[in-house]
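Read through the structures below before going on.
Next come two complexes built around chain A: one with chain B, the other with chain C.
On to the complex of A and B.
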């Protein structure tokens, strides 16, 4: 059973790799690139939110830091935006240490609430920070000065870059899943007090998880800013940025390796194509679909599709077990 | 079923217009607007406005003859081809606006784009148009940086930040000549994108003339109390207060002025909140004499603007507002250029746009004309100063366009 599930997931991964080459249509190629980008941040969220069960609704703070780092590197230092990505990752480490130590004392909903507050605070600070463009935001290079600016007409190069980053993140997660850290995190996720009583160094491992999670979310933010060429407090630090990560991971299966990717494969095209098909007519239809999906998951499969699919498979072949 | 019915209807229509029997393929234009989200009402209003322009262009409107393409049906130089708009909802997100632009260009094969209301989205969407070499006409976004990018395919018909700053200072210079003091200017602006950028532009314009802004107050438009800000103004005693505000906050300011019994000598509201139909309704009796800017005024009953406003009112039940009118004007300019190009090749349309030279008499807005500089900015864009007198705004400056006399100082309430 588990082997066949793995085969399905590998097939999805392969499909994902060749999808944009199969279609010559730039719009679908862009959707594919956006799927992978969303999968990066959702998978990054998954490390702390899924495996360790610390549901953060404030991950936009990392996304925003990464995005701003990229465009600050361009506007203030004249560097290619991607050169700001390491700075964003560095800043994410500092932030994780500052934020993680006090907020990890909180559990469950209280932790989630603290993360919302931190992201809202960061958004306000940036809105009033004139140096970083304040409420107006920052613009990337208007026209490519060199190939390093990563400004392409075709979405395919973005897709390729994002895919490499996603692959690194997934391999890292896969390795972590099997290592001592993975067991520790799952133990923390299913019961902090129990894990502590068994000698798991809870706060240290939560902090490690936050370091990994925050760094990759910041990288996703930088990649977003490079591709879109613009960031403002809302697109960087807005609450929807955080919510999207959580919903994608939850739909696919939080705490599973491919869950966030599956969620992104379903939700991003849904949003983009309903907007395209309905155009001006069915305003907000995508949000209705979003809401229905969230309700269905919560009611029938709180563990996400990763939990739901095997269950169906098991029901179809009851004797196979 | 519906196809058959449409076919039956089409036969007499074609018979009646033999010249257009082999009607040319429709010309598709992509419009990216905020049809949902925070700015949804503005986007929907723009959609209604552009739909009206489509009707004016695609069917004969001889009574609106001075407007480009009004008297004829479709685009005459393209064999009477009809203009068609593909709508895209930008959802208030710069990333979505960019997806929209890409989709409209690569899937719907539009010949040009227009939009996108929020300056941040115009910025990202037009970057895609630039890479694909498709003309983009911005009729309503005012951020200064849009035309500072060295783009080849970007054109903006609307006046932008610096124009507004210039307008207010020109106007204040006129007021000073009548003997009123205008030395101390205060700017009160909401603290997001719109307020910050316009306040910045006004400050720059003042600096360029060697004047300084005595007081700048930034506030959160979602707040429920503005008495601290009003008290700060009361202490500062400015001669002129310029508001860059949204709707509910502008209403709150006028109410607080009344509550605290404070009347600045001159009150200017920068469009937006002061132009919302809700503003005169809610505080018309407290804001008598408030000044505002607008590129559109209905004017006298036989004028084109009056007729367009009547058509719009017939469709929607409300008067045409400044933003919608500017968006419609941009769309007119784009269609006129496509017609003059006589082709739908992007290069031809771009060349025609660059060569645009429309006089004020052929516009529906108060611009002095439409003529683009090398950055794509309309150099003749202009606005009027209007004043709330009674239940409605009336144009008071420049004097050539005025239908009522400027009444100062700010009266507020009686």
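On to the complex of A and C.
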């Protein structure tokens, strides 16, 4: 059963690698790139939200920081937007230290509520920050000044860049899963007090997880700004940005290596297709579907598809035998 | 008189306006078995949690080998040699028996000692050795208690605190558990056992402390406590 699951995951990985080459339609290629981008932020969220069980609903704050860092580097310093990515990551470290230390005293729902408040506050600050474009936001370069601007007509180069970043993140998460840190994070996730009573330095490891999670989410934000060429308070710091990460990870399987990727493969095409089919008035349709999905996950499979699929397979195998 | 391994003086814990414990005082000598007795809600779990650094003391002192530790965090306390097998076991149910045990060795300074400690736990609880690759969530109540105790032993503590080790277990399992605790004590381990079942605890204990509504009301040798007419009053309230 586990071997077959592995085969499915390898198939998904291969499909991801060749998917955009299979179609010449830029619409589908763009969706493929957005799937990988969403998988990066959901996988980054997964480090703190899935493995360590600290359900953040405010990760958009990192995404927004990354996005704004990229376009501030372009508009204010004249640098290629991607040059802002390291600054975004650096800012994410500072934010993690500032936010993590006090908020990690909170547990469960209280922690989640604190993260929502932090993201909302950051959104408000940026909306009222004229230097960063205020409510209007920031634009990227309209025409490429040099290849470093990473401005491509085709979505394929973006897809390739995102895939490399996702691969790095997944390898890092895979390594972490097997390391002492992964061991501790899972212990914290399944019982913080029990982990503390065994001598796990809870706050230190939660902070490490937040550093990794925040840095990759900020990088995802920068990549988003590079590809889309625009960022505003809503697309950077909006609550739906955070909700997307949580729902994707929860649907695929929070605390599993490939869960967020599987969630992204299902949800991003759903969102993009409903947006395309229903047009401007129907852009919220995907979120109605998200709500239904959240209820179904909570009711039938809190561990997401990663828990649900093996259960189905286990139910079928005795009959086959 | 020898210096006590653990000396708790006027320990208080508050949860906001609520009083967890108001004034708890007792001592634990090295190698002794001390029972912490009291009815449900007397403050036994809060006392152990404060000693383990899981809740912050709002008053009083905890002296461990002469050092004040009431401000220390949980991981610093485990590293000093105090381990807790908590009430309700608090196992990592998704992880295997062996992974749970290895997590118990988190505070161990020398990783080379992990293997011998694991072997010691498996020799104390052979059932755990049989189920080492099984996830903790599939264990029976008795096996879970064994795992909770085994996990606490993995940090090679000087003082093992057990919170209600008999709670919810079949009588035969309780007997086996207390036999094992007796063997650990005979091997020199200091035990602090919080129990509602006073008969069980007083059978194994050298000394006992009785709590009532967050205060120490009786302290003495196990025999003195067992024969004290105020014991039942402390358990069942002034009406008795």
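Worth a mention:
Heads up, the rule we're going with is that the second predicted complex is superposed on the first by the 309 of 321 C-alpha atoms of A that agree within 3 Å, B and C clash if a C-alpha of one lies under 4 Å from a C-alpha of the other, contacts with A are read in each partner's own complex, and residues count from 1 in each chain.
Criterion: a contact is a pair of C-beta atoms (placed from the backbone, for glycine too) under 8 Å apart; a residue touches a chain by one contact, two chains touch by 3 or more.
Model, not experiment: these values are computed from the prediction.
If you put the two complexes together on chain A, you find that chain B and chain C both fit without a clash. Once the two complexes are overlaid on the shared chain, A:42 sits clear of chain B and of chain C alike.
After overlaying the two complexes on the shared chain, residue contacts for A:195 are found with chain C alone; chain B is out of touch. Contacts of A:245 after superposition: neither chain B nor chain C is touched. With both structures placed on the common chain, the touch criterion links A:187 to chain C but leaves chain B unconnected. A simple residue count on chain A separates chain B from chain C, and the partner touching more is B.
Centres of mass aside, this uses C-alpha centres: at chain A, the angle toward chain B and chain C in the superposed model is 140 degrees, to the nearest 10. Look at A:226: by the touch rule set out above, it reaches neither chain B nor chain C.
The overlay of the two complexes leaves chain B and chain C separated by a minimum Cα distance of 35 Å.
Counting contacts by the rule stated earlier, no residue of chain A appears in both its interface with chain B and its interface with chain C. Within the complex formed with chain A, the chain B residues making contact are 33, 35-36, 40, 47, 86-89, 91, 93-96, 98-100, 102-103, 106-107, 120, 123-124, 127, 130-132, 143, 145, 149-151, 191-193, 195-197. On the side of chain C, the complex with chain A involves touching residues 52-54, 73-75, 77-79, 83-84, 86, 90-95, 99, 102-104, 106-107, 151-152, 155.
Residues 25-27, 30-31, 34, 127-128, 134-137, 139, 142-143, 151, 153, 155, 224, 228-230, 232, 235, 272, 275-276, 279-281, 283-284 of chain A are the ones touching chain B in the complex. For chain A in complex with chain C, the residues that touch the partner chain are 183-184, 186-187, 190-191, 193-202.
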